[in-house]
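Same chain, two partners: chain A is paired with chain B first, then with chain C.
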Partner chain A sequence: MAAFCVAASELLHNMKQISGFYPKASCVIRRIRTTNPRCDSQIQPRAKSTPQQLVGVVGLEIHAQINSSTKLFSGSSVRFSAPPNSLVSFFDASLPGTLPVLNRRCVEAAVMTGLALNCNINRKSLFDRKHYFYADLPAGYQITQQRQPVAVDGTLTYSLLEGKKRSQVIRKNVHIKQIQLEQDSGKSLHDDVHSQTLIDLNRAGVGLMELVMEPDMSCGEEAAAAVRELQLILQALGTCQGNMSEGQLRVDANVSVHRPGEPLGVRTEVKNINSVRYLARAIDYEIQRQIGILQRGGTVQNETRAYDSKSGETIPMRDKEGLQDYRFMPEPNLPPLIVYEDNASLPAGIDACQAVVVQKIKEGLPELPSIKRDRLVQTYGILPEHSFTLVNEDGLVEYFEAVLMATKKEPRKVIGWVTNELLGHLKQQDLSVSQSPISPPALAELLELQETGHISSSVAKQVFQKMWRSPGKTAAQITQEHDLGLVSDTAQLHSICQKVVDSHPDEVHAIRNGNKKVLNKLMGLVQKETKGRADPVLVRKILQEKTS
Partner chain B sequence: MLGLFFLGVSLALREGRISPTELCKKCLNRIKKTQHLNAYITVTEESALKQAQQSEVRLLKGVPKGPLDGIPFAVKDNFCTKNIKTTCASKMLKDYTPPYNATVVQKLLDQGAVLMGKANLDEFAMGAGCTDGAFGPVKNPWSYAAPYREQTGAMLESDWAITGGSSGGSAAAVASLTSYLALGSDTGGSTRNPGALCGVVALKPTYGLLSRHGLIPLVNSMDVPGIMARSVNDAAIVLGILQGLDVRDSTTVPAPSPLTELPQDFDVKNICVGIPKEYHAPGLSEETLAQWSRVADLFERAGAQVKQVSLPHTQYSIVCYHVLCHAEVASNMARFDGLEYGHRSQIDSSTEVMYASTRHEGFNDVVRGRILSGNYFLLKQNYQHYFVKAQKVRRLIADDFRNVFGSGVDVLLTPTTLSDAACYQDFTQEDNRTRSAQEDVFTQPANMAGLPAVSVPTALSRRGLPIGLQLIGPALHDKKLLSVAQWIEQRVGFPSISDWDYSRESRNDTAVTKREQTSAV
Partner chain C sequence: MSALSLAALRTSCGVPPKIIRSTSRLLSNDGHTITNVEKTFHRRSCCVQTYILSVTRLYSSQPHNPKVPKMPTWEPVPEDQLPQPAQIPADLVDKLERLALVDFRTKQGLECLEKAIRFADQLHVVDTSGIEPMDSVLEDRALYLRDDAVKEGDCAEELLQLSEKTAEEYFVAPPGNIPLPKREERAAMLKHSEF
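The block that comes next holds the complex of A and B.
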């Protein structure tokens, strides 16, 4: 992981953007859509033998911060936004004489992630030192796994939603070359005003999984979908929190263009991408930039570029390092990392609690997002795109299923309430599912009132609003307080209907002349009188009687 | 009292014949008298007296922590000591005070041993003479004793001999009777070499048996804390205290057995002593060769089987050692950039310029040279050709030892050094690299293979300087190795330096005790 940094002013600027975008960011993620659907236009020509167009080739290098309470090789805590240099052990500061001690939890996280991505888990993996001088790398080297990483040769399956209503699910695969364990670096903060650099070592030594995705993708949308799927998998596993804006998931894209069938073109590496949406934009920009260069007869430079989210462009990064030779060598202070297949393969004298056992981790694997989506579609008969919406939002599946438990309403009728009403309200106020003021049983009660004919569907939506604003009150309470219950008192309805009929002679005349549609207008007027509470079946019957 | 083995002193302390404070003061006094040796970089007088007092309280109550309670010891200045400067004899760390104790230091302190000070060394332990440190060379105490002065006719101050290195300060501290034991470090022979040249017992335990946590590394894959003592039994007791698993060092292994005192009547009848023919190397002095033969004969006469063996890859060991050593040095030294700790250059027009000037000012030529060559060996284009090849040769060297020990050999008997200690002026004629290559020739193969080895002083040379022999054993057979070493010790009759007064003040006294010295040949 080559270090790079941005000037403090730039950093601050980015941070503002992050906070500005954050509430909306997850909305956007739900439907990854690039401004220009280049993917489609690129894929199609492959089948035809028309003069071949240049297409993009995208590979990703992803650094996922391991969700563990302590660092990879030391006992210091891991916490985002702690006071600078408050989480630094002697080892993290590279004090002479200190030695790395491998954190088993980090190994288990990497093995678990490897298993979830269908990787081969290496029974023996090795640690190496990668040398480069940088102020936030206090040892002058990073401990990583260059020769033999912990997991290799996996696949990530992700889906693209296509078609007009984005209802067509297209499955794609990307190969995972390897997952390696390595240390994070610290952070350099450049103070341009006083021309000094401040170092924060809180992050130094935090465990990272570096995932290398082969160049199997062809555009920003694919890369974004793959990363989003990875994010969901990591979150389901609990091995990484996956928040890109907090740097828990850092994605660098290797982008090149070529004509299908021809060797890959010269690639550039795009860094400084801190959201899935920017990832798609940065890649598409970069593909177009490279195509433009080639079409003008130029050549693409092998270089590192940074994505500027403000302009939407990639710009060359000052290549401080030039041709960097990392002078890799084996880390002599760590014995080979051995993981065992099962308890039976543990050698004598090894404590099963201290060892990393693949079988045990396999058994503990949670339901992965793709399995969950298939199950939701099959079990509840909902549309695939709804399953994506449910799974994309942390806790929404559980919410949905909890509502279903407490209501007899059909899942297909419940899904709209969850993905539209609930999620819409949550997004508007930037709340997570767990922060919803309406609990699943409360929503179920509301739906039950509607299902059993106590309230109409339009009233149900009013009640939902009121429940949102006054948490703790039940749907029944609100219905009663505001007198929203369906009016089925025939005498009362007769009187209201009579009033409407009496005051609208023209409409009544029209109906009697055969224009039955006008009856709906009268019905609307009755509902207006009753604030939508009148039983529509009854009202229609009465009005028909009175206008016949 | 100062000339005793520490076990003897330990008994005296418990019987109240001397108090820890008195003993500590005697040693501090002796340190002052032998200041010209330059054995210590830092003398921790104040804390030593405090520790001695605490020990005294325990001893008076009759609850000593163990045999080391109240015993003065010295620590090579590349082991971290909490709140005590740890310099590695380098400008880079001349004002560096670590916030923690190395595991081995902590274990000795936990036993109630009294830390007298931090012993001098070659800068970052890179050297074989203890002549290349930022605080000046260490002088061999034996070159101030009567036999040397008389035999060589040395009159001038400049005629002193080197201690060997890199743990020369530790060896001089034990040899000059200012500490009963000392910690050294041994990467290619850095404990055994000065041990042999200063006439003290010097043990390099099996790699991984002692924790390296807190030892500022030279070559992580070869570094072992070394033990220097006045007798083999002393070394064994210290080994018993220091050995074993340390959670802070993932390369440590559990101790094969608790080690206390050695059997006093070890029988060598059933052991097989191997004499590796490759150690009959060019440059081996006639006198050292004679000692080697003498001890081999002792074994044979006692009924042991003595046979010539071959370690065919030994000849490549030193070259291979240098490649691996320099590569790890280049890596380990990368952290000294002046940012977090240590020397920081005033020249700071940019971060890169500051790094460069900090490292140029902070490291001596030897260290910088090794960093340069080490980085060269690690370059992508050179890695296979140098580093990987050296690792393969290292494996072959280890296999040589395995084959020999597998064929029934219990220990190997070899010289520790080519000859007795050189005179400083002669020694410094050659550069550090050449000297290291010469001086480590017999010692570094054991580091390459991670094997235990011990140097035992056997005799004084014609020049009146010590000669030592080395025993090498199979991994984790440290106790057996020491038992054999003690058997030698019991028979060679190596004299104690306390038989002569050697401190500077009394050197000109007319009443220098004359004694018949053990003939070297």
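The block that comes next holds the complex of A and C.
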């Protein structure tokens, strides 16, 4: 298997050189791949007669909006919602006589992202113009980096949780072809009533990082996991806020189907995907649709389709008219962008704020999510799938660590409370961790009470819910108020147990004859008497004494 | 466009007529200037004195740069060295029209296009093997990197004034991407239009 993969990657390398002619096609490269057993199970076994099943091939093109104060080539502000056309400079409106001036923060963001994804950073990268006519592109061209982008040849490692309880962690890689800087276009609102389009240029000129991925994925779940991982990485780096619903992370999927070993099929591009969940659904729908077409004997058309979240289907978009010729040309107003390896390679006399040094950025990289997960598993001995839950939620790791600091309880026991109880309640009310009514010290106190035997675990859950509803009250207060403290007074327990034993002679007889399970019924009765506050271990011991 | 003008100087020394004739050949690209030369010649030839004609640029006070040749030194490339003249099929013309949004389907337009391509074919004579293409004369300059500070924007009113049609602070454009009609349909459309 390993040898096969090596051979396949060498073949791919040779073919990559041939495929240099295709600037934007990310799915044209031929690959020989084996089927993914996981994703096979999703394909309905309609074609039992065909020798090999059709499998999907998915490649993603991701546009991530760079988290900077100003736009890529002009000094106007970047904000999500603002009055229309208020964040537009003369350059963004493409007035004659304006020139682009590159933003250093955007270059640093691109280099940081490239380093986090193990890319080679190109020392010299060039800017090009991509021409097409559309009302929200006032200049008629977009400044991008098609010939020589900032970073090439990287890997995105993501993990799939599989198995019945989603406890198996399978690591997969997606190869990243390139990361390039480019301009965003404006926003167009289609007014069909008056048959016109309203253009808002606030978004025009904002810096984007385009990540082009190879078609290494085969189903919607893999793509969704990869995008989720990318979101976490970008958020950890601070280069992009990664909010798909606000348009900060836009994903277009290139989907095709083929039989393993055969050349890739015709691909379609799926756009208008607003969340990670819709991404998985859209890709799966598209794969099924294409398989259906091929099985009926038709051919898949190379087109662009939009995803409709209400119906869960992809519909063809009217706007695109076949293959576009973008007439790429070098941007004459921008010299090549030079990025320096380290301080030693800086030319003499250069201003510090004019140089982007890769070494410095590499040293300043924050902890990436995968490293964080490994560290959590190592330090606290929690299960890998719990580390995923912790890192996935913003702020949960800090919460968890704060609780651990305040309690002596084992991390493995605390994690259950954090991932099930706390997270469950947060999700129910759609709150973030920072909005939790129960603070880490309060939760720690509750756990301490349970640990020291003051309350039983079932009572602890009740106290948790009461604490949730009345924030500010501590666990101790609630326990006292509702008299939920564990009854450990042996004399009292003895008397209660005696009462139960006396009132149920048949059960006692059964136990004495060897049926030990009836003891649980007696225990249940004792718990009912004490309203669930009896220490179960003690009760069982007492009952066993009395019934022996 | 031509920045040459004749300044006739009276001198005492004789001027070989060769120089005068070569000067007029220099100006042969610009028909307008030739007539001026001839006229000046006719007017002044009645006088006995000879002149040195020195060619100077308008508004230039420098003497003639010796590095610049006084006569054109280039020769047109012979036809046999050029590649085959390019054939432009109708589909390609259609595609070019759509990309550039320019109508040039007339006989004159196509001839102009073919001449332009022929002119550019001369570049094929130059041997560029092993040489990196240069895409800008700025290639050895440092790209200036700007600080991430907000300095522009907030001029919505000014920008909206430039547009003929606006609606509540939005620019108004025709709906979506209306695909251009196919070649045959367009010919029919143009026939009925004013053009």
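Here is the rule we use: the second predicted complex is superposed on the first by the 427 of 548 C-alpha atoms of A that agree within 3 Å, B and C clash if a C-alpha of one lies under 4 Å from a C-alpha of the other, contacts with A are read in each partner's own complex, and residues count from 1 in each chain.
Assume a residue touches a chain if its C-beta (ideal position, glycine included) is under 8 Å from a C-beta of that chain, and two chains touch if they have at least 3 such contacts.
Just so you know, these numbers come straight off a predicted model, no measurement behind them.
In the model built by aligning both structures on chain A, chain B clashes with chain C. Contacts of A:P335 after superposition on the shared chain: both chain B and chain C are touched.
Applying the stated contact rule after C-alpha superposition, one finds that A:A476 touches neither chain B nor chain C. Residue contacts after overlaying the shared chain place A:R129 against chain B, while chain C stays out of touching range. In the superposition on chain A, A:Y141 makes contact with chain B only, while chain C stays out of contact range. By the touch criterion defined above, A:I293 lies against neither chain B nor chain C after alignment on the C-alpha atoms of chain A. By the touch criterion stated above, A:R327 is placed in contact with chain B and with chain C alike. With both structures placed on the common chain, the touch criterion links A:D192 to chain C but leaves chain B unconnected. Counting the residues of chain A touched by each of chain B and chain C gives the higher count for C. Of the two partner chains, chain B is the only one touched by A:P96; chain C is not.
In the superposition on chain A, contact is made by A:R104 with chain C only, not with chain B. After superposing the two complexes on chain A, the stretch of chain B that clashes with chain C is 276-284, out of 42-50, 240-248, 258-266 or 276-284. Touching of chain A by both chain B and chain C, each in its own complex, is seen for residues 90, 93, 95, 101-102, 131, 133, 135, 197, 199, 325, 327, 332, 334-335. By the touch criterion stated above, chain A contacts chain C in their complex at residues 68-70, 74-77, 83-91, 93, 95, 101-105, 107, 126, 131, 133-135, 188-192, 195-201, 318-321, 325, 327, 330-332, 334-338, 350, 353-354, 356. Interface of chain C with chain A (complex): residues 95, 99, 101, 135-136, 138-156, 159-160, 162, 167-177, 179.
By the touch rule above, chain A contacts chain B in their complex via residues 90, 93-102, 129, 131, 133, 135, 138-141, 197, 199, 325, 327-329, 332-335. Within the complex formed with chain A, the chain B residues making contact are 79-80, 86, 88, 93, 96, 98-100, 102, 212-217, 219-221, 247-251, 327-328, 330-331, 333-337, 339-341, 351-352, 355, 375, 378-380, 383, 387.
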